[in-house]
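Report on the following structure.
A, B, C and D are the chain letters, set down in written order, and residue numbers restart from 1 in every chain.
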Amino acid sequence: MRVAIIGGTGYGAVELARILKMHPYAELTTVISHSQSGNSLAEVYPHMTGIIEQSMKTLDVKALSKTIDLVFFATPSNVSKEIVPEFLQYGVTCIDLSGDFRLKSPELYAEWYQAPAAASVYLDKAVYGLSEIYQENIKKAKLIANPGCYPTATLLGLIPIIQKEWIDPNSVIVDGKTGVSGAGRGLSLNVHFSEMNENVKAYKLGTHKHIPEMEQVLKQEANTDIQVTFTPHIVPMTRGIMTTIYADLTESVDQVTIQQLYHEFYQTQPFVRIRPEGILPTTKEVYGSNYCDIAIHLDKRTDKLTIVSVIDNLVKGAAGQAIQNMNIINGWEETAGLEHPPIYP
Amino acid sequence: MRVAIIGGTGYGAVELARILKMHPYAELTTVISHSQSGNSLAEVYPHMTGIIEQSMKTLDVKALSKTIDLVFFATPSNVSKEIVPEFLQYGVTCIDLSGDFRLKSPELYAEWYQAPAAASVYLDKAVYGLSEIYQENIKKAKLIANPGCYPTATLLGLIPIIQKEWIDPNSVIVDGKTGVSGAGRGLSLNVHFSEMNENVKAYKLGTHKHIPEMEQVLKQEANTDIQVTFTPHIVPMTRGIMTTIYADLTESVDQVTIQQLYHEFYQTQPFVRIRPEGILPTTKEVYGSNYCDIAIHLDKRTDKLTIVSVIDNLVKGAAGQAIQNMNIINGWEETAGLEHPPIYP
Amino acid sequence: MRVAIIGGTGYGAVELARILKMHPYAELTTVISHSQSGNSLAEVYPHMTGIIEQSMKTLDVKALSKTIDLVFFATPSNVSKEIVPEFLQYGVTCIDLSGDFRLKSPELYAEWYQAPAAASVYLDKAVYGLSEIYQENIKKAKLIANPGCYPTATLLGLIPIIQKEWIDPNSVIVDGKTGVSGAGRGLSLNVHFSEMNENVKAYKLGTHKHIPEMEQVLKQEANTDIQVTFTPHIVPMTRGIMTTIYADLTESVDQVTIQQLYHEFYQTQPFVRIRPEGILPTTKEVYGSNYCDIAIHLDKRTDKLTIVSVIDNLVKGAAGQAIQNMNIINGWEETAGLEHPPIYP
Amino acid sequence: MRVAIIGGTGYGAVELARILKMHPYAELTTVISHSQSGNSLAEVYPHMTGIIEQSMKTLDVKALSKTIDLVFFATPSNVSKEIVPEFLQYGVTCIDLSGDFRLKSPELYAEWYQAPAAASVYLDKAVYGLSEIYQENIKKAKLIANPGCYPTATLLGLIPIIQKEWIDPNSVIVDGKTGVSGAGRGLSLNVHFSEMNENVKAYKLGTHKHIPEMEQVLKQEANTDIQVTFTPHIVPMTRGIMTTIYADLTESVDQVTIQQLYHEFYQTQPFVRIRPEGILPTTKEVYGSNYCDIAIHLDKRTDKLTIVSVIDNLVKGAAGQAIQNMNIINGWEETAGLEHPPIYP
């Protein structure tokens, strides 16, 4: 199968290119970049020298649609919503790594993204690509809204217990820690090495775009209204996200029961690994891989539940999950191209 | 004034030595180390070459008491509780950086430290050395239990609002992020460079010794029972602690009012800096200094309060606060020896 | 083909396991570890959870020889030399990642390794596994002495020009910078996070075991005696080696000519990439991959040549090259299992 | 004494401000910044909150000259050369941290800086501020060309032995490793956290502006022509420079003799520490301090000398040495304001 990437100079694109190179059934034939058209990906990313040498191109939707079956959008906000409709019209499957099609409500999008939403017909059509949860819908999708990095880690950590209604939906607090690559390749003082090294920063308190995304999914799974308090932090490493999730238990269940719930919930999922009681996953244990590792801790003293969930923000939190979704759509084994173990140390 | 340090090979000791070198009134005359007696501090820490060259000694309390006025304990748990009584008997002021005298209840100590507590008479005598809050008691103290690093950042962040009773005492969640130096100089795979670099780890969920310490102080200041859910994390940097503190508001106060509360509460305190609304402190902004920088964020959507508090774990979280306490005891200006700005970048 | 790893708890072993997992023709059936026998690799390295779960075993050469065709030694110095002979007797191919069979001279080994050398008959039999250079010998080998990390980067950088005799063999200076994983998983203050982070250290000046290894190969390729001045440094990152190599030109050749020499020398080698004039490779550009990237710079002002050569110390500098050698021995395509691009950023 | 800083938003300026805050005799009364005039230093650098709050100003040389005695230039290249003459005319002492007055030859400056040099009369007047070597000239200077970071580490490491003529002047190779802060606060992909973390980069081979600066001083001290091959590298840390210097011995002197030479040469210098034989300094051992730590290693096998020299690039390599020079000019003790030990770990 032939695929294209739009947005060829960001980290999402180059990570897609890396994984596609290892994919048994999909071939990356075109990389679109306006700012770098004419240059090869290897010129922008020298580590790709000898691996992907073809020139990047500007976008001609009609012409491109004739040569490919599927397109990944690794574009900033407010780009894909203008282009996806045309691709769909030509029958090309679209997997969008940006946030343009994630929120079902145009009003919420306008509020949190400070820009007009995509047309409602496409918002409706888009399937939220949290692979482990929405597999059935993904199979039939022509447009995937690939989840954000924080929501992926958070939702995989919360959905088993929120479906059970064992926690108070209004008690949920998510404390996120991300590696710096989540901020992308755009230059800013904030991620200037000398200012970010040996530093921890909290940011966007109560205003991060991933909040309505988490809430939308949790509401649906909890069958009730839910508000999430979310504080993202940036820590001095390149890759990895940990979300530490706090919630009040409402049922008297014990650690063993919760542990069992998670094991059963994810037992057929190749990319979710539940740690045994007392063992906590670290971000490095999923580095470069598509795994989401989860631990659950019930504090008997305070009756609060703490869930620790880790992913590689660029793999399971972006490019890896996008390819997992491509696999599901095409009926391939879900792990195709994604079987490489984490790199450690 | 002549002072001694006991426990000369740990990071606490060498940080005390660094700051004492810049102190106008105190002179470090003796460093005690059993494992390294006969060697100089500079042999164990080559950065001290030419700065502190005298040999470290084994401990003879009686002899030492004749030559010094004050002793800092930079020892592991369960050491100072055996030695402090004898120093006190000889009239030497003791500032203990370990946890031996922090908990007033011997039962709690036994439970959390898994060892017998110090004799009650000394637990009673010990003043908890959170300088900004217990200044009056510190002035008269002969024995200071210097606070732990996480409790320092957490308590300075919470006390103004907990005293006001504006938050639900049972809603408090503390998510801590520490630099690796907090784990000390002892070798372990956990802090082996290759395993800790490019990694975030949660640890000791619900079992960290700093939990009862935070709760003891908060109970006293809140005048009510209080339970803290605390999750410490270790992030890939050497120095710095950030605690992100979550609590449910119980009063309808707004951001401006809370902001004002904190400004007034700390207006005469030289080492606490309240950030203006919307500005969040980072750990690097206090690196190497005795500051505690605090920001408050009220999320109008969820009515939850988030407090971000940062310190250098080895300065305000250990050696710096110990020296601040020495200054208070001696009636010196509180900032003596501590006036060096943070090192940035 | 069935393979085993001996020395299952070090970084070399777990990197072999990672790459073997992606290999199309070889299957890792046994991991030998004395200290951890009975435990699974995933217990020692949780990132391998669900990937490699079988228990590690103690060594029984005879029994093991019946079930496997090839064995990798990821053991410390002075282990494989005792065991290899028995495996060879049973017809098992041995690839040794340690230094036991690298030096042809038992005297040199005794001098630099401070221990008795392997029996001469095996030293003679062993083929030095620098894949790009000794491919023909490797094809027929039963015992491979897999090169050290510094020698791999250095020799691939130097051999094209040293064969040409365009540089003064006694002018060669090698300044190496390694990531910390090169020091292995053994605990030491030297690689304790807090002491290694934000630090650069030179070490083992003139005494590093890789010196005689480099000199042995260079002598052979230069057909003349040669002495290398080598200074290794450790820098605060986990993976990657850069060697900056200095030499005096003896022929009046220009940059273009040298550039062409290197391009031609390596044109059929899939894992060596020569950078164009003026572009320098960085260690991150080969992270997690089997590439060796090289740049050459001729300083017209001083007539000195500077060669910059980078590898991932655990891949091309250890496990990756070992698997490349296994591929060559078995007549498989050289890149089998090694086609994953570098991880970036 | 009242002093001003020009160029208030770079790392050099804020480091000057940090050290001046601890200085017993000098007071920082004015900070000049065109881009940030009207804002306080604390707004640009929040770690300075409550420490330096006055507004930055635009430059009016005449007015400023009436209120201050000395001015530090922490400006980019090609700025101070236009302004210094006017300050000198008003009798204000100038210490220039940029390269504008370092090279005595206007031709060399034009060649390496790609811009016209300062007027010759000022180049002649300028004293090269390598404090330990040119103390006598510095005492009488009105204009100091403060040395570059790499030259400081390199020259302090080489001058004792080059004066003795024990090494071949044309054999000198300098391999430098710098922390990222040396690249300043200007944004670039090169020092973007995600691209610089876990990475080592060589740069500016044979073209770095510090080459003619090193050569000018070495020529003068060696009394002969000398050419330096210099390769700077950037490593993933914020502060610190190590230069590893290689040279061929021409005299048959042994390690002990060289060791003694260095000890004697620097015995009265408070900021140079010579390590004993076999002990190598690391950059972290001078972090935040004005020390230059040096080790010498004679390789008996190759007769090459290796010198390892470390400084904090922002202190001894910039702001600290500038203040040391201010102290010398004013006849104060050389260590005034600079007595704080290194921060470790």
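As a convention for this text, a contact is a pair of C-beta atoms (placed from the backbone, for glycine too) under 8 Å apart; a residue touches a chain by one contact, two chains touch by 3 or more.
Quick caveat: nothing in here was measured; it's all calculated off a predicted structure.
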Of the pairs B-D and B-C, which shows more C-beta pairs in contact? B-D
Any idea how many Å lie between the Cα centroids of subunit C and subunit D? 39
Nearest whole angstrom, what separates the Cα centre of subunit B from the Cα centre of subunit D? 36
When centres are defined as mean Cα positions, the distance from subunit B to subunit C in whole Å is 46
Residues of subunit C touching at least two other chains: 11, 179, 181, 194-195, 197-198, 236-239, 282, 284, 287, 345
Between the chains shown, work out who touches whom and classify the graph as line, ring, star, complete or other. complete
Of subunit C, residues touching subunit B in the complex: 11, 179-181, 183, 185, 187-189, 191-198, 236-238
List the residues on subunit C that touch subunit D in their complex, please. 173, 175, 177, 179, 194-195, 197-203, 205-206, 227-229, 231, 233, 235-240, 242, 244, 246, 280, 282-284, 287, 297, 299-302, 304, 306, 308, 310, 345
Residue numbers on subunit D that touch subunit B, as the complex places them: 11, 14, 17-18, 21-22, 45-51, 181, 197-198, 238-239, 273, 275, 279, 281-282, 284-289, 293, 339-345
